[in-house]
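Next, two complexes with subunit A in common: one pairs it with subunit B, the other with subunit C.
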Partner chain A sequence: MRKSFFSTPGGYISLTLPGVLLLGGFFIFPLLVVLVTSFIEGGGDSFVRILQDPLFYRGLWGSLVLSFSASFVSLVCGFLIALRMVKLSSRLRNILMLLISLPLTFSGMVVAYGFILTFGRAGFFTILLSYVGVDPVAFSRFIYSPVGLSFAYCYYLIPRVVFNLLPVLLNFDTRKLLAAESFGAGRIRQMFEILIPEILPAIVSAFCLVFSVAFGAYGTALALTGTQLNILPLLLYSKISDAGSDFPVAAALSVVLLSVGTLVMSAGELFASHRKEAHR
Partner chain B sequence: MKISLQQITFTYPHTLYGVFDIDLEIQEGELLAVIGSSGSGKTTILKLIAGFEHPQKGTLLFGDRPVQVLPPSKRNLGVVFQSYALFPLMTALENVAYPLKVRGVRTEDRLARALEMLRRVGLEAFADRYPATLSGGQQQRVALARALVFQPNALLLDEPLSALDAKLRIEMRDEIRNLQRQNGITTIHVTHDQEEALSIADRVAFLKDGRLVQVDTPKNLYDHPKTIEVAKFVGRSNLIPVQVVDTDRIETPFGVLSCSTKGFSPGSSSTALIRPESILLYPSIEAAQSQHGTTVFPCKIIRDRFLGPVRRVDVEVKGYILEAETMWRGEIGACSIKRDSICLFLKTE
Partner chain C sequence: MILILYLVYLLLPIALLFLGSFGEKWTNTLLPQGFTLHWYLEVASDPSFQRAFFVSLFVAIATCGIVVLIGLPMAYGMERGTLKRTQFFTRLLQLMPIAAPPMVVAFGYIILFSSDAFPYLGTTWLLVIGHVVSTLPYMVQTLIGDIRHLGLVQLEQAADSLGASFRQRFLHVVVPTLRHSILSGLFTVGALSIGEFQLSNLIAGFLNRTYPIVLLQSFYNASGFACSATVVLLILSIVASLLGTGAPTGTFGERKNVL
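The block that comes next holds the complex of A and B.
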């Protein structure tokens, strides 16, 4: 039988080459540039410089706190939403999934302006609250604070949690919960002793994913707080702004951001695989 | 504990499916099998008793106590699901101990009781194993042990053997029967396997389209089915259109048969049930006549299936095909039908 062109070595190469070139040119090459710039350019001391800068530690701490709080709140909300969605008809669930996915299509800037228009000093919600005696100035200060920023982050982190957890919850054999219930376990007990332990790898994985996203996000933060907030992405932004660029330090900060994100994601994956093995 | 269902009706939201006007009493220590085809409502009955669904009408009594509004967690029932529903992150021992943990039994006591229960189902050596490392039969035993460890009021089994292979299924059904007898526990066993139901149940309930058609002992259900549906579902059957000749004879497409026609007037139409094993097969007409008198028919084999202990054959009798079963391995040339094995149904059924 005559072999088709695509099953020959030439065919394989012609099929894979565009993908390889794209990956190499737009992912691996820029990463290498960042690595080289951070370690070699500017005298090769960019890491020493950021480690000696108190702003770096404040930024790192701010990023960790912001990412953790936004991820935790998103995880709780996303989990509860996914749990409720499991019980809906598939038609209604699909409509809801479409609505929930909308925030993912907006850029961070759009989300930030949306929040300003809603919760800012002259925002729709703020004005509504002023009718019941809430001070608009005090309330709008909230949206420009780190807590307000976490709240804005949740807007696009919750959909990610829902999309991660929903398939797992849909596949969960609910007869285990019925069995536990027949043995006398109440709802809370079923959830904490049966459901959550079993889907924990997916929960950890969802948390790690949204943590990494939040850790590297800067658009919303920039639009809401300018560069006033001490978080690493904004520190990085300040190093590549028109006034006083410092590319080696910016590259070193990029490596830190990348490393933390990769580390967190790897920890999640490691936890999931370890759990799987432990019960075999 | 006695369980009574009185005029229980339940339909699933936005559908016409459910169970209707169910009147059923399960005596203390009895094993009742519920059978029926898919969608007949047998699992729904189990869900209503367990409390996973609540009837829209009727009364459910545990002993003399109405329980239809009680949540499942307050009904004290041991439930075994088709998928076993074991908790994968708990060992076999932890799984069995779980109902005791929920009841607040001290750790040492509950582990000792769980281990004793595992010993009774022959799995003491597997106490530290996780469900994923156990075979289907072992998981089934763990699920049974878990459902029995807290001395529940009754045991509800939802097709617990359907995921097992044929040999293991037979072993396990004997084991279920033994455990049920040892514990003297009221048991409701839902299955689509009529052979399984007949072999272990004290009584069998047959459901069709959400309605209870017949509740009887396995022998009566098989020998004297109330309707053609029961006859078709329980065991294999030849259902033959007949006409009643007189009080002692019926006319079939292949000849006149001797049979009691009590309750049927001469000339009326009916359907006769003849079980395959009630058709006696002989090598020749002469051999048949020498043993069975005159009501014998010449026949010819159309299909012959060797099943090990028996042969299942389709024989043609005067152009009509009958299914028969026999242990006889030789030639087949004639058949006769036992008089007392023929069961008549009204034609309208």
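The block that comes next holds the complex of A and C.
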């Protein structure tokens, strides 16, 4: 039979060429340019300079607090939601998934303004709380702190956790829990000693995924607080958008953001794949 | 219980945005007062919103077009050509945009395209390319999932054994089989592109700011104005993502394992 070029293995791979070139030129290459700028331009001392900047440490700490609390809360909520969804009929589950998937395509701006209306200084929830005696000023001060802001981040992180954990929980063999129950383990004990260790790879990779998303994001935080909040992405944003900005220092900050994201993601991936191997 | 709490958390901000957009006045009260449509008229007659709306629409449509032209051959080629390693490459492709924050990519564009050699910063086409790069992985991922799920390779082997050429197989087997996935991927890409802020905000020029960028400025206006401007964007994303999730096939069950 006559084989055209595109039916050979090389032919198939050549079909990916436009995509690979585009990603290489407009994704990988710009990142390399940032990397080179951070190390070479400005005398190569840009990393020393950010390490001497107290704002950097405050930003790093704020980012770590924000991303950690956002991903921890999302993980716990997402896990419980997914656990509950397993027990629903598949029809109801599909409708819920449709609703839960909505925030994934929402603009950060929509989330930000919805959040202002709900939890802002004169927001619906803030006013409700003031009826039961919570001071709106204190509440809004909390909500615009890194920990408070993580509740806004949860809006689009929880769906990611649910979508990562639900398939794993659906495939989980519940007979293991029944076996534990027959030996007298309570529901809490079943969860912590059987279910969670068993699906730990998925939990860790979901956590790492949402952590890196939260660590690198700036849109929602910018809309809610301007550049007032001390987190690294906003520090970088103000460095970039300032007139006459210091490119090497901004590049060094970008490299920090990039490496934290990459490290956390790869750690999650490695852990997940390692555990899978060990189970075989 | 947790589900209900979560749904309240999920839907309350959306409901308040809708309510606020129809309310005449909303200052320090639980809910807005009065009913009016004039905020929508005001947004619609605002020249900077008009311009931003059409820029966003153009960018989203151009992005969709390019993403399908590049993504379809890419997904197909990856699945057929790299065989055992596909898993690794798809995962890599999926993780790349998450590990590298859009802001860092945008900064790379700023350095690269503000140079004398490539002075393209602020052009609409650079914006389109940025959106293509950030949405392409979603498209490829959707397509690869469905290529496997629908057993496309077996269908093609059948066509091949009957003597179909590559072109015949691609146009009469691959594209028709994947038409639902292409469509649903495109709606997702469109929704992501319309709402994209983090990259666009840094690389768009003054005259081609996209809708979310102009929207941010309106947050300092009256809440009714900001609400209705936000609702416009909200409706666009909801419609696109609903169309993307299930509507083209009419059944949700069929896409269960693509998650």
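The criterion applied here is as follows: the second predicted complex is superposed on the first by the 258 of 280 C-alpha atoms of A that agree within 3 Å, B and C clash if a C-alpha of one lies under 4 Å from a C-alpha of the other, contacts with A are read in each partner's own complex, and residues count from 1 in each chain.
Convention: contacts are C-beta pairs under 8 Å (C-beta built on N, C-alpha and C of every residue); 3 or more make two chains touch, one makes a residue touch a chain.
Everything numeric here is computed off the predicted structure, so don't read it as measured data.
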Combined model on subunit A: subunit C and subunit B, fit or clash: fit
First, second, both or neither for A:Ile196, with subunit B first and subunit C second: neither
First (subunit B), second (subunit C), both or neither touched by A:Leu55: neither
First, second, both or neither for A:Pro103, with subunit B first and subunit C second: second
First (subunit B), second (subunit C), both or neither touched by A:Ala217: second
First (subunit B), second (subunit C), both or neither touched by A:Arg175: first
Touched partner set for A:Leu270, first subunit B, second subunit C, both or neither: neither
Degrees between the directions from subunit A toward subunit B and toward subunit C, using C-alpha centres, nearest 10: 90
Residues of subunit A touched, compared between subunit B and subunit C (which is higher): C
Partner chain(s) touched by A:Phe163 [first = subunit B, second = subunit C, both, neither]: second
Smallest separation in angstrom, by C-alpha atoms, between subunit B and subunit C in the superposition: 20
Subunit A positions touched by subunit B in one structure and by subunit C in the second: none
Subunit A residues within the subunit C interface of the complex: 1-2, 4-7, 9-16, 18-20, 22-23, 26-27, 29-34, 37, 77, 80-81, 84-85, 90, 94-118, 122, 124-125, 127-128, 155, 158, 163, 166-167, 209, 212-213, 215-219, 222-223, 233, 236-237, 240-241, 247, 250-251, 254, 257-258, 261-262, 265-266, 269
Sites on subunit B touched by subunit A in the complex: 50-52, 71-79, 81, 83, 85-89, 98-99, 102-103, 130, 132-133, 146, 150, 156
Complex contact set, residues of subunit A against subunit B: 173, 175-176, 178-186, 189, 194, 197-198, 279-280
Parts of subunit C lying in touch with subunit A, wherever the complex brings them together: 2-3, 6-7, 9-14, 16-17, 20, 27-31, 69-71, 73-74, 76-78, 80-83, 91, 93, 95-105, 107-112, 129-130, 132-133, 136, 140, 160, 163, 165-167, 170, 188, 191-192, 194-198, 201-202, 212, 215-216, 219, 223, 226-227, 230, 233-234, 237-238, 240-242, 244-246, 252-253, 256-257, 259
